[in-house]
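In the two complexes below, chain A is the common chain; its partner is chain B in one and chain C in the other.
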Partner chain A sequence: MFRITGWSLIRLFTIMIYVFMFLPIVVVIILSFDTQQFASFPMRGFTFKWYVELSQNESIIRAFKSSIMLGVLAALLSTSIAIPAAMAFVRYSFRWKNSLNTLLLAPIMVPEVVLGVSLLLFMRFLQQPKSFAMLLLGHVMLTLPYVLLIVQARMVSIQEVYEEAAKSLGAGPFHTFREVTFPLLLPAILAGMLFAFTISFDNITATLFWATAEHQTVPVRIFGMLRHSISPEINALGTVMIFFTIMIPLFAAFLIRYFGKKRI
Partner chain B sequence: MKKQNWQPWALLSPSLSAILLLLVIPVLFIIVYSFWLRAPTGAVIPAFQLGNYARFFEDLFYPSILFRTIRVSLICVFLCLIMGYIPAYFFHRSTSRFRQALILLVLLPFWISFIIRTMSWINILGTTGFLNHLLLKIGIISQPLSLLYNEAAVLMGLIQFLLPFMILNIFVSLEGIDKNLLEAARSMGCNEWQAFREVTLPLSLPGVSAGCLLVFVLTAGTYLPPMILGGPGNEMIANLIFNRVIGTLDWPFGSAISVILLLLLGTIVWTYNRYLGISQIFKAFKGN
Partner chain C sequence: MESSQKNMVVQLRGIVKNFGKLEAVKKIDLDVEQGSLVTLLGPSGCGKTTILRMIAGLEHPTAGDIYIKGRLVNDIPIHRRNLGMIFQNYALFPHKSIFDNVAFGLKYRNVSKTDIKEKVRKALEMVRLPDVGDRYPSQLSGGQQQRIALARAIVIEPDVLLMDEPLSALDENLREDMRREIDNLQQMLGVTTIFVTHDQREALSMSDKIVVLNDGVLQQEGPPEDVYNIPTNRFVADFLGSSNFYPGRVMAKENGLYRIRLETGHEFLSNHPFNWNQGDKIELVIRAQKFYVYAENNAPDETLGNSFKGVIKDRSYMGGEVSYFIDLEGGLSIHVISIVNIRALKIGDRVAVDVSPRHCGLLPGQHSIAAS
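Our next item is the complex of A and B:
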């Protein structure tokens, strides 16, 4: 017999939370196949028309290109500056270490609007017009804390003895890093880069301040399209974005598992 | 290993200079900027005057947006706490084979673009949306309700965005509890509920408070949900900043409002750090 227990209520509640979290996303995907001009229930039919239209929309293709280029460059830059920082925090002791660590994580806690406004106005003050370079620098700042957290967490788990062994065998610091530390860090570096890419790719609020007309990202484009009304085309674009960004963590999990096997 | 003094600084210099140049100096700059004057022509004149702040508190219009921001953030924290604790507890106690997969699933929305998650509520709450369709079909209502462009819709969008942060923080804290304590409580005659109340709940409070802080800070600075799901009376302080800086190009005033928002959040984070320590927040991110 079915008995109502505290546990079954907890389970029911958890299921409802999942519905709450995922229903809107599922509805975006479903409505992207609707034949009507305006996304609405009930659905009238099934079509791929909106996807075809998307693939022919010049400005959206351009937005995808700038989003991908921005994400890749931001991920590369922020990872390459986060690695030495993580080494400093994990392998050395120095003054103000904890405060500096918190400072580098600060972009997580400062509201994005403030990040957006302050960088924009500062650049204006320096007489710098909005540019792709400024957008990129902004995204490096946005992604840096997350990469640092991931790389630092992995660095803590790598024992210092491996590096010391390499050094005692006569390897210099760069040689040690290349042959020992870097391969051990690789899963975290890749995970950090993928995470940074996704954050940059998805970012909207700060990007609204920094984006130039010719380098609109996909979220900025969607924001512009939403001014009119919600059409199946936006839902189709949303669906493409959802699949694009969900593939990334799956890919990251695969990489971590693959490289994880080779752990010493 | 030789620990030369200059080495950590050399390793830190790229990231430190990036944060200094892109965050610290620009934020200091808008603090200075907030004291400057904006001439009627639109030109900005360096000055030291409190006019921009005086204007904010001149009448009730701007303070009411500030109070609304605080009120919405508190409601959001409360709802996220209720809606987040129960699933976190479920994950903690579940013995299901799919536990790991379920936890990963709850983190999945992190990866989906904020704007898509926000706009997706239009499909649900709109007059021809899913919810109205469902209610009409069942026959509870005969006319579509207008569910969009109000505070409830904004809260839906906010909660859907923030709930994973809360769940993750509480879950990390629950997982850190020594299981022996629970055994001890039971062996002393506590029932399930008493054991929860006396052991699990108090020991999960660090995660709860970290989650609450994170949700509050993120809500108070939010721009998108009030913009897309809210109506004219639902704008929050971030919308005000955006409108003043991008819309009316009143940069000194926009800077002053940004400083007010920073002061509000800074006070809260500082108080939290003083009594509870900030490092708890980052635990949840590291667990990932």
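Our next item is the complex of A and C:
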């Protein structure tokens, strides 16, 4: 017979935590296929109707486009800042190094509401209107700390002798970077970019303050739709979002594994 | 300046290197002759690696000048110095194939594609790994990786080859093979080489010249035999091999031999090549390996010159040899390392020891040198 032991309690407890964490997501995914206007259990039938409607919704498509463009640009920008920053912090010593490093990572600690309001006030102070550029700057601010952490961690693990060896063989600083440092950093750079994209793609709190009428991101759009009505279309949209945000980190992890196996 | 001397490839003049308050290298002068293998030997922290890195251009001297082939290179960055460098952990580029690793330096030297192929092939043949071009460094063993590192460094025909403890990451057995390989290759190519090590056996077996360093100061330089047999200070005598040190005084010079009396009253004869005066305070240095030990009843009648009797107080068996601590009559303790003949002597055995005047080195007495 089944005996109640300490271990089986722990097992049960663990299962319950997983259920608690993932059940809401699973419900959203399942209900996105329900036929009812006000989706609820028990389901009345199975349909792709809401996905079809979603794909015909101009404003959602536009939001998707801006979200993707914003995410890609934010990832590219913060990575191209993070690479030289990581090299400076890891390879060189200079005054205020630790303080500067902490400062670059600080946005992680600051509540997003504060970040959102302060960038807005700052732009007001400069008498600039809300714009896509400002939104992009904001997202770079949000994503840079994470990219920097990832690239910097990798930089620390790359021994300096590789660069020294390249230089001793006649490669100048630029060639040393292109031939040795960059390829060795590449897994971290790709992971950082994908991570940055996911953060940008997901963000709502700060983005609510920054988004302009013509450049609404998907989360902001969903938030707007929820204020009017709860449509099953939102369930479908949520499912698409979940798919995106789970696949991207998985893909990043796969890339790291793939490159990691061959090298070092 | 002597930099005009044609046959000197590397010259250091008054090199000083400070790391903050730490003086890592204190006013070093060094000449490295064309085609020679010079070893920088010393304990860790003696400044040997720092000197090598300054020659490479990876560190900048706080003061002093570095010449390579007569050219002042202080302000010339590493990638324009035409060096080959071998690192302790091989430092092969993990993301490049062996071929690309070896070809790396050639890309910056205006060598055509076909010449690159040919040179890489020759270099790989030279290190006896002709078929690994398509592989990646992680697929090779440590010894193979170090040979590829060697091929990568020599294929660019450097003015000087710098090696930073290249054997220390290898297993004991492999180390000896690799040491011979480096030695042969260096002689075959005639490439001027500076070799950093803390291993005296490596230094003694490979070098044309040994430079012994301690605490950032050059202690002694010369051919291995000279540095080993005629150490000029206590550090060198102690660092190379195990030595006995006894304070004493020069009593007389008779028939080309100095008569030395120790503080314990024992008298030794020495034919040390330096000039000493009667009454000089000295330190007698005798290497542990230079004593002969006999069981007392088995001692030969003829003596090499310095024969004493004593009792074995302690011994440790080390396979090919035995290390004895022997108390001589009259209260003098000596350390002897002796090759095991048939059977090792036991603790408590009465023995006779003998040592030739040739092996009785003399150093200035401790009180006569300035405190260091």
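Everything below uses one rule, namely that the second predicted complex is superposed on the first by the 263 of 264 C-alpha atoms of A that agree within 3 Å, B and C clash if a C-alpha of one lies under 4 Å from a C-alpha of the other, contacts with A are read in each partner's own complex, and residues count from 1 in each chain.
FYI, contacts are C-beta pairs under 8 Å (C-beta built on N, C-alpha and C of every residue); 3 or more make two chains touch, one makes a residue touch a chain.
Remember, it's a predicted structure, so these values are computed and weren't measured experimentally.
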Which holds for A:Met21: it touches chain B only (first), chain C only (second), both, or neither?
first
Requested in this report: State whether A:Lys49 touches chain B only (first), chain C only (second), both chains, or neither.
Outcome: neither
Of the two partner chains, chain B (first) and chain C (second), which one does A:Lys167 touch, if any: first, second, both, or neither?
-> both
Examine A:Pro183 and indicate which partner it touches, taking first as chain B and second as chain C; both and neither are also allowed. second
Checklist entry - Where does A:Gln159 make contact in the superposed view: on chain B (first), on chain C (second), on both, or on neither? => result second
Check: If you stack the two complexes on chain A, which partner ends up touching A:His175: first (chain B), second (chain C), both, or neither?
Finding: second
Practice problem: In the overlay, answer first, second, both or neither for which of chain B and chain C A:Phe223 touches. | Solution: first
The chain contacting more residues of chain A, comparing chain B with chain C, is B
Both partners, chain B and chain C, contact chain A at residues 164, 167
The residues of chain B that touch chain A in their complex are 1, 3, 5, 7-12, 14-16, 18-19, 22-27, 29-30, 33, 83, 86-87, 89-90, 93, 105-106, 108-109, 111-117, 119-124, 126, 128-130, 132-133, 159-160, 163-164, 192-193, 217-218, 220-224, 228, 238, 241-242, 245-246, 251, 254-255, 258, 261-262, 265, 269, 278, 281-282, 285-286, 288
Within the complex, chain C is touched by chain A residues 159, 161-162, 164-172, 175-176, 179-180, 183-184, 262-264
Seen from chain C, its contact residues with chain A in the complex are 56-58, 77-80, 82-85, 87, 89, 91-95, 104-105, 107-109, 136, 138, 152-153, 156, 162
In the complex, chain A touches chain B at residues 6-7, 10-11, 13-14, 17-18, 20-25, 27-28, 31, 38-42, 80-82, 84-85, 87-88, 91-94, 100, 102-115, 117-122, 124-125, 137-138, 140-141, 144, 146, 148-150, 153, 160, 163-164, 167, 198, 201-205, 208-209, 218-219, 222-223, 226, 230, 234-235, 238, 241-242, 245-246, 248-249
